[in-house]
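What follows is a pair of complexes built around chain A, which joins chain B in one and chain C in the other.
And then the complex of A and B:
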């Protein structure tokens, strides 16, 4: 177990390095000169421009810039935005909002996904199952931004049940609609996954054995069917938690939530290379760590899997 | 089968004879018998037979044929030019000849929805073809050669997997903002999309590589290369086809999302994503302008996802969902 953990952590290093290098190279190749842009309409003062370039290491070759970035990142110093704000401060402001949003979306998709999946799996082939299946197919086919607009229009504008946009320092109600939109597609996948697992596990031999021993229907379902069915669901949920943090871009843009997704999108549009690379580094770290936790959880849930 | 009778003959103490039920041989014979006159069916013929009987497949096939027809011959369904816009008509409701009404710029929503089909479908199809070719090639290399080739390619896959596709796509598309070709979207989707196909191809090839008929074929003097072409590739195609069909829908969504974010296709190209994005500003007063391109998008994606489900059911009997 300890050996497995060590090997996995060692394997994470090239992935994190590779992903940051890839993004750094991409952002580096972005067209436009941010220094020139800072002068706006005024003529560019070459001396000042050179000083700014030196300050942001823009005068050095690409690979040196990357290594300098890595060195500073290890001490949590992600540099400044071109407006002079420390990147880490901006991320620090946006991150709690996204964590709140992602957790709300996570709870939403986990609870309703599993619940509807169970209802659907037990009643396979009946009308309840058909209705749930059609809704989940629709949620997958309609792009998130369309779902977002429709909800915003109906719930926010027409019926005035929830705030239309979130804005600064959003509370639970402000984030409720963005969270539902963010979690809706994953919820549909969880419904389909749970339904498939439950209906196939119901036909397993061990379920029949348990019933034959005289175990109650409900008990068999909870102890045997449900427990076995939820293993892949837990894996999916775990991987999704990392994806939710990074995937909040659409939902945050529509509902004006000032989280990481909104910040990333704005930074890409403005060519804030430092910001983009820092956020991607952070998201990659979250992604690989959650994946590792999921794999460990997998072994805890399924006794057949043992890591040596 | 002789087991119980032998036991009976050894336990002959008086009063301890055990009753052994006579064995009914009929079910065994039924299992063992093979109908030799039945025509030989390949996996593909069997899958096709399952597909044809699946109502989901029939519905999605009809929808896809219709969508492809609209994409190829948009002129059949509308006589107007999608780029003909008259500000006098701005946000006019539906009238004769203009069943979906007009958008903010005074363009006919119906005509634009019809013409948008071609853009979405081309991006989806081209991306899927490139993703499947690239992903299957890299995955097959990793799975077939194993060892350090696999180690290097798998780490490369991990790197791309850790990068959210939307994020990477926006960063790259920012670089080609001035390009108006749909190829930039296709290439960007391919660049970040091949990973999942490669993973699946790798798994499928590794599984097929270890099947007995490969050993048999090697024993008969076949080279590894011939094994790859004759046995391994045909046997690992099914999961790759399944993921390709399902991905097609998601690439259409991705194209629309990128156009919505303003980094995809330029506004001069008629596309559903772009139209939905520009309808956003009039959502509160004229939701129908947003509704029609969204509905067209959703129906198209739904058709491909249903097709993916049906193909999956047919090719992988273990994972039948319905």
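And then the complex of A and C:
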């Protein structure tokens, strides 16, 4: 077990290096010169531009820039934005908002995904199941920004039930709608996953054996059907937690939530390579760590799986 | 006639039991049961049309029939656990005289476990992989409130330990606790020394006690009884029993139940998960679960058909002893008439949802009335007495067969042995272990042209590994395989293709060895296509011929494997193997997964094909009963080694090794004689 953990943690190093290099190269290859863009409509002062380039290492070749970034990142110095603020501060401001949003979306998709999945799985083939399946199919096939705008218009503008946008320092109600939009697609997948698992596990022989022991229907469902069905659901949920943080961009942009996704989007527009790469590194780490936790959780939930 | 091994005393006991059963009336009374399933189009399918049978207290009743005869459905109807759309549409099911077929969910729950237990068919799928074995046994106790009753009684007994007051209970249910067991043994030793016992005699008595007195299984009453039998006087014995047997805790009881079912080292085993158990061990755990709450009726639905013969015998023996000592009646469902006759006092034969015959076991076996029962008796593999002689049926001389002058063979230079295996060894690396595991250890044999050599052994004996090496699907660690005198390891690409053409496999699982996405036509045609034989038209003709050969109608060509039965699929697999006119067919448990009647048909088919075409078979099986019907020579394997090699008759009449004798003994109903000519 200890060996397995160590191996997994060592495996993270090439993953993180690889992604940062890739993202750095992508930002480097973006068309347009960020320094020129900073002058806006004014004529470009070549001397000032050169000074800025030197300050941000933009005059050096790509690989040197990347290595310098790495060296600084190891000491937790992620550099400054073009506006002069430390990147780490910007991320520190945006990250808690995204965590809050992602956790709300996570709870939403877990609770409702499993709940509707169970209802659907138990009533397979009946009208309740059909309705749930159609809705889940809709959520999967319609792009998030469409569902987002529709909800924003209906709930926010027309019925005025929830705030239309979140803005700075959003509270629970401000984030409710973005969280639902963010979690809706995953919820649909969880519904389908849970439904499939429940309906196939209900026909397992050991379920009949449990009934033959004299256990009641409800007890058998909880201990033998639900317990087994939730193993793949929990692993899906675990992996999705990382995806929710990274995937919050669309939802954050629609609802003007000043989180990581919003920040990434703005930074890409401005060509802030330091910022973009720092955020991606962070998200990669979150992704890799949640993946590891999921794998460990899987072994804890399913005794047949043991790591060595 | 039956071998008269029964003593008079046993006969008397049987008569007394019968008289008692008649007096008490049936425990289970099923009358004119009708069960329907509803198919996708809303039509009713009649699974059970008219089934009536009785089970008396303490009696073993067997329901025999092929798959689809409604035997399992009837049993599940009794348990109220019909799958899917199944529902009882008529007749009555009475337990202890009370009608139960119309009971509601909760009322039925109360009967299951405590009045009726189940030992299901497939031990692999009937235990939940995510719960510990002990937990799953505990569920049975908890569901029937045996846990509360158990703890309460234990507490009371502890409070009154050594007191004169009797703890009143319906049955004696005060078990030995694991913690008090050492003290109990010490007290017993003291008592025995007290009555002047010493030396070897004392050791023997103590040995007996420590074996018998299992925590959680042996009761206070039994302990006292054992002591009295050993010579301790009544008062002293009861005093010890009352003082030192004050009840077990839940874990002791669970371990005790598993121990009763024959699981060694039960306390440790209870903490393990199903995947750490072998099939036989799982089945023992399921028996422990089925009997946990001491039901009056145990429904055993083909409890051992998924297991090896030797394990099968051990488990059934144990189940029989256990149910006899508990007085549990057993409704035993099986497709093997021999097995039914051996175990049950009464046989019910079902066919197409109806009971066609019912009576005392020997009566049914020796004087079958219904044509279907006659067919079953004739087909029961365990009862067949000799090799099927196909040549005779085809009007050929059987002697000619033995001299290998078979049609289509123009051999002069060809070697007598078509396959020869020399010192074959195969090692596997086990995870986390340094030493290699020898799956096959120095095995040598050869297959004579036109004959059948059977390799027999339990699962894990290495017989399938041998088959894979003969097929060159697996490289041997050392040793050689010769085909027509040539070492198959030296074959180049072209030679190997030729070898593949002449040596064809038929595997165990007819469900897994046909591609579900291929039509039957495509499956059979594929080998012809791969070996570039004929054009489209001649290939189609050949496929028709092959289907005709395995006695399947041409209409199956356009169907897919999931639309065929197991027996039909195995015929397709044989037809596919025959497509290239092979010399050798390697059958790896080719009939093991099939119903007896189907198995019988397939064996006859293989025999006919051998007689017609001079085929050689390497027949791998765990079932000696099948071997008797098909093989000329037998190789017995155990733990990767060849332990016996002789002609079939010799092996059956004069087995040399104890292991072979065990395998022979394990054939159910082997000692029964039939009334059929």
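One rule holds in what follows: the second predicted complex is superposed on the first by the 308 of 308 C-alpha atoms of A that agree within 3 Å, B and C clash if a C-alpha of one lies under 4 Å from a C-alpha of the other, contacts with A are read in each partner's own complex, and residues count from 1 in each chain.
In this text, contacts are C-beta pairs under 8 Å (C-beta built on N, C-alpha and C of every residue); 3 or more make two chains touch, one makes a residue touch a chain.
These numbers were taken from a predicted model, which means no experiment stands behind them.
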Clash-or-fit label for the pair chain B, chain C on chain A: clash
Partner chain in contact with A:138 - chain B first, chain C second, else both or neither: first
Contacts of A:57 with chain B and chain C, given as first, second, both or neither: neither
Which superposed partner A:268 touches (first chain B, second chain C, both, neither): first
Chain B versus chain C as contact partner of A:284, first or second or both or neither: first
Superposed model, chain A: greater residue contact from chain B or chain C: B
First (chain B), second (chain C), both or neither touched by A:239: neither
Chain C clash site on chain B (candidates 26-34, 62-70, 98-106 or 188-196): 26-34
Contact residues common to both interfaces of chain A (with chain B and with chain C): none
Parts of chain A lying in touch with chain C, wherever the complex brings them together: 203-206, 208-217, 219, 223-224, 227-228, 231, 301-304, 308
Residues of chain A that touch chain B when the two form their complex: 11, 14-16, 18-19, 22-23, 26-27, 29-31, 137-138, 140-146, 149-150, 152-153, 157, 192, 195-196, 243, 246-247, 249-250, 253, 264-265, 268-269, 271, 276, 280, 283-284, 287-288
Chain C residues within the chain A interface of the complex: 79, 81, 83, 105-106, 109-114, 116-118, 120, 122, 125-132, 139-140, 143-144, 273, 275, 286, 289-290, 292-293, 431-432
In the complex, chain B residues that touch chain A: 155-156, 158-160, 162-164, 166-168, 170-172, 174-175, 177, 249, 253, 256-257, 260-261, 276, 280, 283-284, 287, 290, 294, 297-299, 301-302, 305-306, 319, 321
